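Written out below as C-alpha cells is the structure these notes cover.
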C-alpha cells in the first residue's frame, strides 16, 4: 500500500490500525501477502506494519549478492521514514535473524522483541541446508520438495493434507517464477555468514523467544542459545508445531505476539 | 472489596478495570491477595475479577468436608451476581480444576478458558501427595517442607534464594494459623474424587493449556491428556518454570493470559 | 564374505563370532562396509550377521520397482540358509522398517527386536522427503545436500566438522556412481507404501525402541507410535544424536544393542 | 553373605558370579535385599557385588552424624578387602553420589561408571525435600507419603496400583522400625553438604548417565549438569520412568548396565 526509497531501491510496506507500533519481519519465502489472515487481529489495538525486505514480495530485487545486515538497515529506514521512535519487532526465521541484528545495532529503537523459529547463526548444518535449497532451485518441483518438508511438521502434513495439496499447486506456480527463485537464492546466500551469538547480550528489550518442538530447520537448541545470551528473555515452546508456526498455530502466534507486546508491565516484584 | 452470599456463605471478590471479563481462579494456597503484582496489567483492558473460593482468603470457611464441584457453583454465583453472561476463566492448579468443571457444566458462560499447571483428575499419585500434605499439616515447618519444594522448581530455588528465605518466614506464620491449615486440609480433601477426564470433550471455548517443564505436582502428561480431550485447545510449554508459574514466570503468565483472552480472532483460514 | 541365492538374486552377507545370532539390517545408504568399527564389539559374545539387502552394498541390484516387503523375505532366506531358528534383529531406519515387517510376519523367528531411528509408516511428510531425495539424485552434490543434513544433527556437524568435510568428499564419489544412485532411488521408492502401524501388535519379542532427540527424518513421535502398539516394548531416548545414531553415538549404539539382546532375563517380578 | 570391618564397623556385602567386577551402590532406602530380581542377570557374565553402605541393610548403624564422603571410603575398603583393582561402579541416586565421589577420588579404581537418577549436588531445593523427609520421619504413614510419591512416577502408580498397595503395607512395617528410620535420617543428613560439581572433570572412566523423564527428585537438569562436566560421558533418557528406574524399568536397568559395562570397545573411529 506504500513504498519508500532505500538507497535507490523501492521498499514496499503495509500499514494498518493504530497504537503501539508492531513491525513484522518475514521469513525467507514470505511477504506482506502472507499475513492476510492476521491483519485484523494484529491491528486491532496496534499500528501494524508489514514489510517486504529486499528481494521479498513487492520490494525491489537486488542485482547481486549482499549481506543480510543490509536488511536491518531497511528496518531502520522504515522506522525513520514513518518517524517511529520505538517499535515492537516480531521476526520469523530469516526475519528473526534481521530482528536480532537490528536489536543489537539499535537497542533504543526496540520496544519489545518477539522471535519465532529463528537462530543466532548460520552454522555448518544450516549452511548445508541452504546449499541444498539453492541447488534445488533449478526446477520448481525440486525446490518444493527441498524446502517444504523442512518447514511443515509431519503432524501438520497429516492433519492438513488437503491444504498441503492445494499449497503444492500454488507453490509450483510461485517456484516456476525465475525472478522469485533468483531472489530466494540471494536471500539464502545473504544469511550464509550470519552469526550474532556474541552480540546478543547487547539486546536490552524484553524478548520473547518461541521454539517449536517439531521445528527441524531452526531446532530448539538454537533458541536455547539465544535465551542464554539475551538477558531479559523469556522462552516458550509450542509442542504442536513445526518451523512454520504462524501457519501451524496461527492462534498461538497471534496470542503470544499481542500478549507479549501489549502487556504494560514487564517487571514483577514477587513478594 | 466486595462480597455476596452463596447458600448462606460469604464469598469475597475484587473487581478492577473495564472490558471483557476475566475471572481468576486461585490455586489451593492462594487468595485474592496473591495477585497484587498482577492487578495493573490484567485490568488495563479487562474487567478483572479476583475470587476467593470457599475456604480461601476472605471467603467463608466450611464446616466439614465437601466436593470440589461446589466451587464451580461459586463461580456461577459470582457471574450471576454481577450479571455477567460470559467470561474468560483463568484457572491455576486447583483453580484450573474448578475452571474445567465450570466449563463442562456451563459451556455457554465461558468465553475463553486458560488453564495453568492443572490436571483433569486426582489420580492415585496426586492423591498420595495430598495425603502427605494433610499429614504434614500438624506443624508449620512440616507443612512448609511438604508443599513448597513440590511447588517451586529447583532452578527458582537457586535463582531466588533470598526471596525463598523470606517466603519461608512469611509462610511459617501463615501455616501456624490453624484456621488456615484446616481450610487447606478441606480444600485438599475436596479434590480427592475429582475426575473430569471423560467430560472434557464438552468444553467448547477456545482453551489455552499451559504446561511447565519443571512442574512436579501436575506434570506435563496431565496437560497432554487435557489437550487430547478438549477439541479447541492449544498447548504451550514454559521450559523455565515449576508448578507456580505465575510467580516463576510472571511476565509470561500475564502475556499468555492477556494474549489468549483478548485476541479477537480464534479461527484462521490458512490459505 | 559369503553369498546365497534369493530368487535368482545374489545376496551378500558377512558373519563373525559365535553365540546368540544378531542380524543387523542396514539403513538405506548403508551396507556391510558401514560396520567396520562395530564388528569387534558386536561379535565378541555373539554370532554377528551383517547383511546387504537387495540394492545395497554387494547384493544384487534390482531391475525395476518393488515393494519393501521383499526385503523381509531376504532376511528369512538368510536365516533359513544358515539354519538359524531365532535371531535378534537390529534394524536402523529403513532396516528397522524391514525388521518390523519381519517380526510381524515371522514372530517365531525373532528373539529380540532392536529398532533405531525408524518409523512404522511412510506418511505424506516422509514421502515428500523421499521425493526430494529422488529429484536430487540427478547430480552428486544435490544428493549430498538433500540427504546429509537430514541424517546428521547440527551438533554433530559442529563437533565433527573435519570428519564431515572428509565425508563430503568420499560421498561425492559414491553419489557419482549411477549404479549406486539408481539403487538408492529404488530403495526409497520401495518404502513409499510402507505402513505396518496396524500390525505392530503382532510383534511378540521383547523390543527396544531407540529415539534420538535431534532425529529430523524419523522424529520421536514415530517411535512413540511404535511403542504404543508393540506390547512388550521399551523406549530409550538419546538426547545427543541425530538420525545416524550409530555414527553419532557409537558406544551407546553398541551398549544398547548388546545389553538388550544379551540380557538373559526380560521379565521381572517387582516385589 | 559376607562382611568385613571398616574402622570398627561391620560392612555387609554379597557376591555372585564371575567376570568383570560390578559394584552396585544403593539408593538411600535400598539394601542388598532390593536386588533379588536382578542377581541372576547381573551375575551371568560378571562378578556382581552388592553392598550395604553404612546405615543401610545389614551393615552397621552409625552413632551420630557424618559426611557422605565416608561411604566412598567404604567402597574403597570393599575393593581392597577383595583385592579388586578396578571395578565397574553402578550408582543409584544416593549411591550415584557416592559413586561420583569415589570416581573423583580414585579414578584408577574405576573401570566404567554408570549413574542412574542422581545429582552432583544437594542444592537448596533438594535440601528442603530432605528436610521434609526427616520431619515426616516421626510416624510411618507420614514418611510413606513424604517419600514414595517423589520416588515413583504417576504412570507407575496407575499401571501398578496393586503392587503399590502391597508395597504401602510392607513399607508401613519398615518405616515403623525406629532403627531403620534413624538410619534414614542420618543418611539424608549425610548428603546435605554434598557438592562435587567442580570435581567431576576428574572422572576419567567412560560414564553412562541415565535420566528419567518423570524423575521429580533428581530431575533431568541435574544429569545434564553431570554430562557437561564429565569428559567421557554418554547420556540416555528413559521416558517411561520416575526416580526408581530399577523398579519401573527393570529390563532397561539391566540392559543399560550390562551393555555399557561389558562392551569391550569404548572408542570408535568413525570413518
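Residue numbering begins at 1 within each chain, and the chains themselves are lettered A, B, C and D in the order written.
Note that in this section contacts are C-beta pairs under 8 Å (C-beta built on N, C-alpha and C of every residue); 3 or more make two chains touch, one makes a residue touch a chain.
Here the structure is a predicted model, which is why all the values come from computation and not from measurement.
A.B. asks: Based on CA centres, what chain would you say lies at the far end from subunit D?
C.D. replies: A
A.B. asks: Compute the distance, rounded to whole Å, between the mean C-alpha positions of subunit B and subunit D.
C.D. replies: One centre to the other, that is 37 Å.
A.B. asks: Suppose each chain is reduced to the average of its Cα coordinates; what separation in Å results between subunit B and subunit C?
C.D. replies: Subunit B and subunit C have C-alpha centres separated by 48 Å.
A.B. asks: Taking each residue of subunit D in turn, which ones touch at least two of the other chains?
C.D. replies: As it turns out, subunit D has no residue touching two or more other chains.
A.B. asks: All pairs of touching chains, please: list them by chain label.
C.D. replies: Final set of chain pairs in contact is A-B, A-C, B-D, C-D.
A.B. asks: If you look only at subunit D, which of its residues touch subunit C in the complex?
C.D. replies: Residues of subunit D touching subunit C: 36-38, 40-41, 44-45, 160, 163, 206, 208, 213, 234-240, 247, 249-252, 254-260, 262-271.
A.B. asks: Considering the complex alone, what residue numbers of subunit B touch subunit D?
C.D. replies: Touching subunit D: residues 123-126, 128-129, 131-132, 135-136, 139, 141-142, 145-146, 148-150, 152-155, 157-158, 161, 164, 214, 216, 219, 221-222 of subunit B.
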